[in-house]
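In what follows, structures are represented as structure tokens.
Paired with subunit B in one complex and with subunit C in the other, subunit A is shared by the two complexes that follow.
Up next is the complex of A and B:
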């Protein structure tokens, strides 16, 4: 059953099919002409980006089911494939296509001419397809497929530099953490499918609102969904894979681990929100709040550039989930979009520094701090960095300012009291975000600039520095609104298409503009002070723990072990030795009985078989004529028997 | 008057000779020839006993056997040629790579 074929539908199909074709194309065995081989795939993805733009601009503002095919139908339940236009995530479809196109171009320059880079682009295409497949899914069945596809693509891409153990183990860690989430999702889907016979999102929410499901079922299924989204969006206690995943190539961190894969947890929550009970929303609110605070503190004292950005991503995702669980779908989605652009921009910018500095440590000699002033003074890079960090901390005129204000107003409207520590956290997180943004800015751009220009020209190609620049432009206010101080004046009514219709946007008020600005500014002051007095909390680093665990815990444990071992040898062993000697004597007695009585009989049987074997084997030694002769003999006997019987 | 049983006195030994050739010769070409002998012995029987019957289906069947025999020899020789290229021999004793 296919609905009317119109432009939007056609473009949606192209958005999905082109990355898949590109993946299949890159699965072909590589020929000697490797460059055109890759570029065909690149062009396919470029076309996919274009069709996603047309799709987004021509799409309507209501949920529309473009196509659905029956997939599995067993007795009372069925699963369906399909393409559905969700107005609230249509912009995410476009964002995924656009960002992956940017990352594609960037990666060509970033990876250089690497022997097996087609593998990287193949997995990238698979990832893009999986993500789009997930976003247009009509129900949980297809959603789960996309969920697994992006999981496996993420695993393959983190482990792209598979020669080193770090990357391989980071990839495995990400995969295993995600498996926990997959288990949750699978449990929830199975329960709902068995209870209601459908996995379709709209049908599910209809059934849930009619009270078709028993409450105990909804509780279990809801916990499954919560676990799934916590794992995918890297929330406590399943957050550890995201900082570890930074071992992978930086463009991948930008696309997958900042902008797209990690937001699929939030997309899941958005889709199944009607099924969640207050207990799940409270649980999400609490966990996400703790994660947001913890991750922001971790980011504040990180010394590794990429890990800092990873912790920041975890913190921002936590903050979005907090907003979502308090009914702020509109605000949460707006922040999701703004975050996708500025965070991937920051990652790609960091990638350029890492490419030239060889490693990502901020405070060690020979690393980013004080290295290559010509690079840090590069005008485009510097301004892109400043704009992106302003977006991260939520200064006015950036898109994140609008979304941040929406989220804060949403928290204020959700009738909480100041006695609740989580309410404090929801205001503390933007302050800390601004603080680590400030610290990052001063650390990267304001140290080492007194060194002389080394007279080198910057050799990076335009495709490297253009991409963060474009992303910096995308993270300005026009992304979300025409009015830089009013988050609800979005593009939808102006151009006549659906634009984030979920939830209730709240009109801006001067009071909240000032509060938001005050949080950002005080965050920058805190960040500057941290930088100025170079405050470090080394105990937030893993290396610190390894060293101190060595001295404080592991050595005493070993000493105790040696003491126990001594006592063991002298005292316990004597008793055990007597016991074991008597056991040995007994064993000898048994052995004699065994050998003569039992073994004798077995040996006789064994010998008979041993001699019978070769004799039997002569019948199948591969001699054609022997087989024929026996066949003829058997036939003759059979014919003889038949004749006798006939007579 | 030649009875069908007289023909059977010829075709029976002919079949046994063919069988003996197939079972004893050390060359696959000779084995194919033995198979030809056996087929022809069967043909003789078909023709002879079909003579008793007003329908000629037995004799037509003999014609089919001849055609099939020709085709079989053509394919068999081609296979033998390929076997010889691989093994440098057509001795069936040596073609035992698949033995159990």
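Up next is the complex of A and C:
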């Protein structure tokens, strides 16, 4: 079924098809570092970015199903492919295209003229397609396909540097963690398909609101969804892959592991929210709350810049899931958008620092610690960094300030009491976020002496510094609202197109503006004090969870595998081998019996006859009485035997 | 026309084999080219039969007959057993959609295997003659509708396979080939025993209508109707034979074990890794791609088709076997150091899905099982080709002895990554569709109003999928990524990038796996009649025992 071809639809098709074409183009077996080869793909993605902008601006505020066709069809149910416009995530479609375009340009400079960089851009194209495919999915079938595609693209991109095994094992770890979530999602899809015959998002919500699903099935399906979103959004206990994934190229961390892939867990929750029971929402709230707090503390004491940002991402995602599970769809989506821009900006900025300092260590002087003298020459970088850190802290005039306030008001409106520790956490997280932002500022931007940087003349090229600068601009309040102090006044209605209107926006109030500001400022003070007194907790930089996972799960699993393998070879197979051996042994026994007993008996008899011959011959002396006597003897013996038998 | 084509699948290779006998063994390329050409012709013919015939229009309307097409039915052997009874054996072949699908898939795999045999240089003549005999007997297995004929082909497969492993194999090939032979021969004997029992219990018409004359037959259509069994047939009675099992149940289990050995299912699978490790690459391709399907197909047609009541009563046991096979062998695969042994165990794990799908007794499960046969045929063939290239280029298949092959050949690495991901169930490839259908069938059997088995069965299968991802990912990491090394030789130039023809051979496998993953309806719609038949058979208890 294809609806009327209009501009929005056409642009949506282009947004999806161009990255796919770019992927296929880069799959061509051209052994080329030649620029045109790569730039064709770049232009395709540029056009995709433009199409997504037109799509977003021309799309309406109602959910609209543009096209759908059968994928897997059996009698009782089917799964469909399709293109659907969801007003609440249309902006995310644009964001994905825009950020990937930024990252594309940045990566060209970041990677330099690497021999096999077309591989990087090929996987990047695949990722963009997978993400868009997921975002326009009409139902869980296509969603799952996109979900897997971005998982695999992420696997390939984390492992892009193939020099050591570290990247490969980080990639494997990410894939296996995600696989756990995939199986949860797969279970949920199966069960919902069987119960209702559809995996379509709108149909699922309708059926759920009509109470068509048995509660026991919803419980199982809901747990499947919870596991899936925890894995993709890197929440405890499936969080360990994200810090490890920082082994990949930094632009990839910016795009995939901060802004897009990791939020697909939240997109999933948003789509299937009506199916979740209170038990799932409570579970999500609890897990996300603990993760958000834990990750914020980890971020506060990280000494590796990229890992710090990764923990920060985990924390922010946890905080968004907390908000979502308490009914704040609008607020968490707003924060998702704000976070996508400022976090990828921070990552790309970090990439420049890493290129300059050649590593990501924050504690050693001369590395990223103390870049002040260099940054004083790089005003754009410096100011971009300051704006992005303000956005991270949720300082007024940034977009994150608005979304933060929305989230906090949502928590307050959800009728919780201060006796609930999770309620405390929901306020503690933004404070800690501001704290590590401040600490990062002081460590990197505020200290440093000239001689530490002597001899380092490297300067960022325009295509490097331009991107964080643009992202810093995007992190300011106009992203979400025309009024810097009112998060509900987004500019959708002003310009006359559908903007993210999901959920229940709450009008701002002065009280909450002040609370929000106070959290930021007190966080900054905490961060400054930590910096000033140089409080370090080095033990937080060890990968305890990964080590325990290795010792407690991975190694036993492999040991069990070896055990099973041993059992297979040495017990199961050996049993059968013993059986076959014993058959052979038995055959030899039979052979012996055959040769010596049966055959031998026959020969013995022969021999006996042979030897008995001469003896018997003596009896044939020709005397009649002799014959008679012998005959009588034999007869008597025979008769005797017969008598004995009859008796 | 279609009928002739169907017969040609069996007779063309045999005729070609006869024709090639007088050709001098020196002229190797004649054999190679002839066989490749034959396989190509078979592939085009089967594609034509698959596409041009409206398989989707075939509707199940009661009875096995209704889903069959292109039957050839010729009287063959008539044997009188005294004056009151006789045996009638027919040359009866024909196909339903699932058989046709397997013929199509087999012809593709045979084509790929023939291409990859091109490089083989020893005893070329006998190799390709055996190859042709194997081809004919596999096609015969899928197409025969008389069980005598089926058994004949089933047995005939053993011989060429035995020699193919035993002559062209690795260092322990004699051990492996004898193990293969004994195991499968043992299975065949069980099948034979049950076939004899079935033969003596069947009759074309009840004796009271024919004046006491009984004509026994092993025709599948005859055996699938309970009216065609003698009233006092032991195979229909639920008289207890031993351990609380009736004759019918014992017959079912003997038959099933015979076929489960071929599938193979845990615990009858240990011959397979040995056979694979020792066999040459194209032989492995055939073994995994085609021969295992014969076991699965037999299980579907014979165990489930002829004993639906017993099969459904024991579905929980079969499903448990399937689920355990999926998880257990995946786990064993995780510990393998030989790439080929790993793929062999993975193969057993994937075939577990066929067993699980069938034992759900649902039409989704059936579709999933047949789809898994298709998918596994394509993908395992590809995986064994990968192992072959690694062995050929690196000199070893030891996973721990190799590393960083990526740096030698990024193109080959991309191919391996593609096939590994397709095999572990990436949506868009055929394996995902198959596994999803089977899982859905398993969930429906576990959560339906009358659960056949507990939720633990699909959960075990899911765990198997997780472990399955584990061994593929781990093998990828160790073989291809990180710095390059090779224990066999210090020589840094070792492991050349495989040539274009080595890569092109993967193309049909990947292409059709992708096609089946993106447009599964091309295969699922034609299978609908078959799955309706299966569902009706399994859920009507149409063959209750005759004794009250």
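Operating definition for what follows: the second predicted complex is superposed on the first by the 520 of 647 C-alpha atoms of A that agree within 3 Å, B and C clash if a C-alpha of one lies under 4 Å from a C-alpha of the other, contacts with A are read in each partner's own complex, and residues count from 1 in each chain.
Quick note on the criterion: a residue touches a chain if its C-beta (ideal position, glycine included) is under 8 Å from a C-beta of that chain, and two chains touch if they have at least 3 such contacts.
Since the model is a prediction, treat every value here as computed from it, not as a measurement.
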{"item": "Which of subunit B and subunit C A:163 touches, first, second, both or neither", "value": "second"}
{"item": "Between subunit B and subunit C, more extensive residue contact with subunit A", "value": "C"}
{"item": "Subunit B versus subunit C as contact partner of A:75, first or second or both or neither", "value": "second"}
{"item": "First, second, both or neither for A:394, with subunit B first and subunit C second", "value": "neither"}
{"item": "Which of subunit B and subunit C A:580 touches, first, second, both or neither", "value": "second"}
{"item": "Partner chain in contact with A:625 - subunit B first, subunit C second, else both or neither", "value": "first"}
{"item": "Which superposed partner A:139 touches (first subunit B, second subunit C, both, neither)", "value": "neither"}
{"item": "Subunit B contact footprint on subunit A (complex, rising order)", "value": "620-625, 628-629, 632"}
{"item": "Footprint of subunit C on subunit A - complex, ascending", "value": "29, 70-77, 116, 119, 144-145, 148-149, 152, 155-156, 159, 162-165, 167-169, 171-172, 175-176, 179-180, 183, 186-187, 189-191, 193-194, 217, 557-558, 560-562, 564-565, 568-569, 572-573, 576, 580"}
{"item": "Interfacial residue positions of subunit B with respect to subunit A in the complex", "value": "19, 22-24, 31, 92-93, 95-100"}
{"item": "Complex interface listing, subunit C residues touching subunit A", "value": "182, 267, 270, 328, 331-336, 363-364, 367, 403-404, 406-407, 410-411, 417, 421, 426-428, 433, 436-437, 439-440, 443-444, 447, 458, 462, 465-467, 469-470, 473-474, 476-477, 481-483, 518, 520-521, 524-525, 528, 531"}
